[in-house]
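Next up: the structures, one after another.
Each of the next two complexes has chain A plus one other chain: chain B in the first, chain C in the second.
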Partner chain A sequence: MSSIIDTIKTSSHTISGITDTVAAHTEHKENIFVELLHHTQDSPYLEVPFGHINLPHFPPVNIFGIEIDFSITKHVFFLWVSAIIVLFIAVAAARKNTKSKIPKGIGNFIEVFVVFIRDEIVIPNMGKEGVRYMPYLLTTFFFILIMNLTGLVPYGSTSTSNVSVTAALAIIAFVMIQSSAIRQQGIGHYLAHLTGGVHWILWPIMIPIEVLGLFTKPFALCIRLFANMTGGHIVIVSLIGLIFIFKTIWVAPIPIAFAVGINILELFVALLQAYIFTMLTSLFMGLGMQVSSSKENSH
Partner chain B sequence: MLDINPGLIIWTIVTFLILMFLLTKLAWKPLLSALEKREEHIRSSIDRAEKAARDAEHQAAENKKHIANAEVKASKLLKEGHELGEKLKAEIVEKAHHHARHMVESAKLEIEREKEAALLKLRSEVADLAIIAAKKIIGETLDVEKHRKVVDSYLDELPKN
Partner chain C sequence: MKLEDLNSLAKAYREAMPYLAIGVQMAAMVIIMFLVGKWADEKFSTQPWLMIAGIIFGISAGFYHFFKFVTAESKKSNTSSKNEN
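Our next item is the complex of A and B:
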């Protein structure tokens, strides 16, 4: 593991960096893909043309026996870049739309998404009460979308291709799903729901299953987003890597054509995954919120 | 690759929460309220337009009805006017006839009366003339009064005219 980290530190991770890495490891080809995979991973520096910029590094903090490293890494940096882009776009849209009655330009563009999320995701899944959670779902959608897209920019990186980032998003989704359910049903109904409505003898089986069920949904959200965003990048890097495996420039047009194709697909996947994450979170929140009403109807 | 970095998780959560707070305040609330306001405006505009269209239709129907009524009334009035005219005409003609007849009759009466007066006068003239003539012929022998009576009775015997 430490030797890999050394390699990461010594090699630049731009395409030229990959060339160096590949050149240094020509004797064992099986390492090329390991090196390529590291390109998609977090690093303590930013890749810029002609080298890299080191990001501030803090010593790990020990909280409750867990070593927590608050260093600003590449993914933290792009997390903030994405947040600033979202903030800028959304505020510009809001300014524009509150000023004039007829939405134009950026205001109209953002409103298309807002209306879509409200009318096609929130209201069908959660009903009218779901509109209260619109700010959370809108933030999730736009934040994930922009984070997905920043990786497609040269020298950019996709924060959502890091499992810690998607895990954090899933933790927030978990909290929102549970709190909206508790708020809608009350704590009593919420806990009663965990028994699955079966005979008390079965509770020792039912309760662990239901509790497990609570965690699997956000876990699936986390892994789905992470895998999708990582997968596309690995495919692109692998395609470019073919040039170095074949060690000839004449093969380049084919992998580049494929990589362009995958890049276009990635644009779509970025939007699709942001939509899926938002839609599923809304669906899970809606399920928790509507359990009580369906129960009351059946009794 | 699946290493969990707690620092990154905390950074993500903190970033997300700050972003959500700022966006809710600065973007989503104004955006959603502007959207709702606009939707409300559009809805009310459509309602108003529909109501206006309904009113206009109603008005048009009423106007049509009014026009039809007016036409009926006008034709009735025309007919009545015509009838009245006919009646008046007949009356006037009748009156004129009547008047004419009356005039003719009164004229006839007048003529009759004039004629009678003229006859009377003629008769007295004739009597006087006869008396004078007789006096001249037979001198002053005859009493004027007596003669007159004789002449009168003679004249009475004469056929009238």
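Our next item is the complex of A and C:
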């Protein structure tokens, strides 16, 4: 399995490979552009005005024969920052809403999102039983939203443009999808569903196909979020890089105008991707839960 | 943007997203099985047979899930439109 993870990791680093080849071919010509493109990737230092802050580096730890580097990088740092921001916002909103009956300020603002997720995502997809899973879905939504938005702040970085982060989110989603299905259907019914309802002779073919279907849903979630967030940043960096390629200030207004436009689009995409991740997770959870309820109705 | 606009946009995405997602899932199945086959090939040094078997399995699984989803969805939309009429 480790080499599969390696393959995925290497493919996520293809961008850096491409930039290296570009650098090798054009040498000193587009060095600034290549350097700009490196800003979209993970790095062991933080970018601050007038320089860098180096983050602590730990020696790799060996767990079950796999070497894991637990050093803090830019993306890990912003992951923690987003977690702290989510915690502060949620606690502040909860305190404010319990104090007064009429929500005001930040409490009101967060309540709009909470009600939106309940009425537009959870109840249509999962029915009334889905409200039980609201805390998880709300956490996912706000966490992804804040992580996406930290990349649009100057000197910030988007943790979700790292495939490891989105993979971890997808693994949590996978556990939630399967556990909600097992909880609703019971373990026997859940296993029976994996056979696809065909004759037992076909089981050796059907079971791997159904099991593969379980894994691809979170995989697609992971890749979708990663690709959307990385893609947007590369577009912005490429537009800004045009100025450095043409090496004249007179070309600047056009890329800047387009970059501002893309930045506004990125704001929308940050919200949209958080919504889509939450919505698809609840949809998949709902699919597992509805199988049982529809069968109960038919009996 | 008004809240009603946002709600209708969210509704549109909610209805279209399963169809948009199924294409990605079909591709993901082929890619996952390709990677698994490639890894197994390297482990048992049987290049390239397990990779080819993996791809064929991935494609068939992708098509199976695709058609299963589409037939289930069309049945669901047919019954809902009948109920509306």
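Everything that follows uses one rule, which is that the second predicted complex is superposed on the first by the 258 of 299 C-alpha atoms of A that agree within 3 Å, B and C clash if a C-alpha of one lies under 4 Å from a C-alpha of the other, contacts with A are read in each partner's own complex, and residues count from 1 in each chain.
As a working rule, contacts are C-beta pairs under 8 Å (C-beta built on N, C-alpha and C of every residue); 3 or more make two chains touch, one makes a residue touch a chain.
Bear in mind that the values here come from a model prediction, so they are computed numbers and not experimental data.
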item: Side-by-side fit of chain B and chain C on chain A, or clash; value: fit
item: Touched partner set for A:187, first chain B, second chain C, both or neither; value: neither
item: Partner chain in contact with A:53 - chain B first, chain C second, else both or neither; value: neither
item: First (chain B), second (chain C), both or neither touched by A:125; value: second
item: Which of chain B and chain C A:213 touches, first, second, both or neither; value: second
item: Partner chain in contact with A:260 - chain B first, chain C second, else both or neither; value: neither
item: More chain A residues in contact [chain B versus chain C]; value: B
item: First (chain B), second (chain C), both or neither touched by A:279; value: second
item: Contacts of A:87 with chain B and chain C, given as first, second, both or neither; value: first
item: Closest Cα approach, chain C to chain B, once both complexes are overlaid on chain A (Å); value: 13
item: Set of chain A residues, in rising order, touched by both chain B and chain C; value: none
item: Chain A-touching residues of chain C, taken from the complex the two chains share; value: 3, 6-7, 10-11, 13-14, 17-18, 21, 24-25, 28-29, 32-33, 35-36, 38-39, 42, 57-58, 60-61, 64-65
item: Chain A residues touching chain C - in the complex, by the definition given at the top; value: 1, 3-4, 7-8, 112, 116, 120-121, 124-125, 208-209, 212-213, 215-217, 219-220, 223-224, 272, 275-276, 279-280, 283
item: Chain B-touching residues of chain A, taken from the complex the two chains share; value: 37, 41-42, 60, 66-71, 73, 75-76, 79-80, 83, 86-87, 90-91, 93-95, 97-98, 101, 103, 110-111, 114-115, 118, 131, 134-136, 138-139, 142-143, 159, 162-165, 167-169, 171-172, 230
item: Contact set on chain B toward chain A in their complex; value: 1-13, 15-20, 22-24, 26-32, 34-35, 38, 41
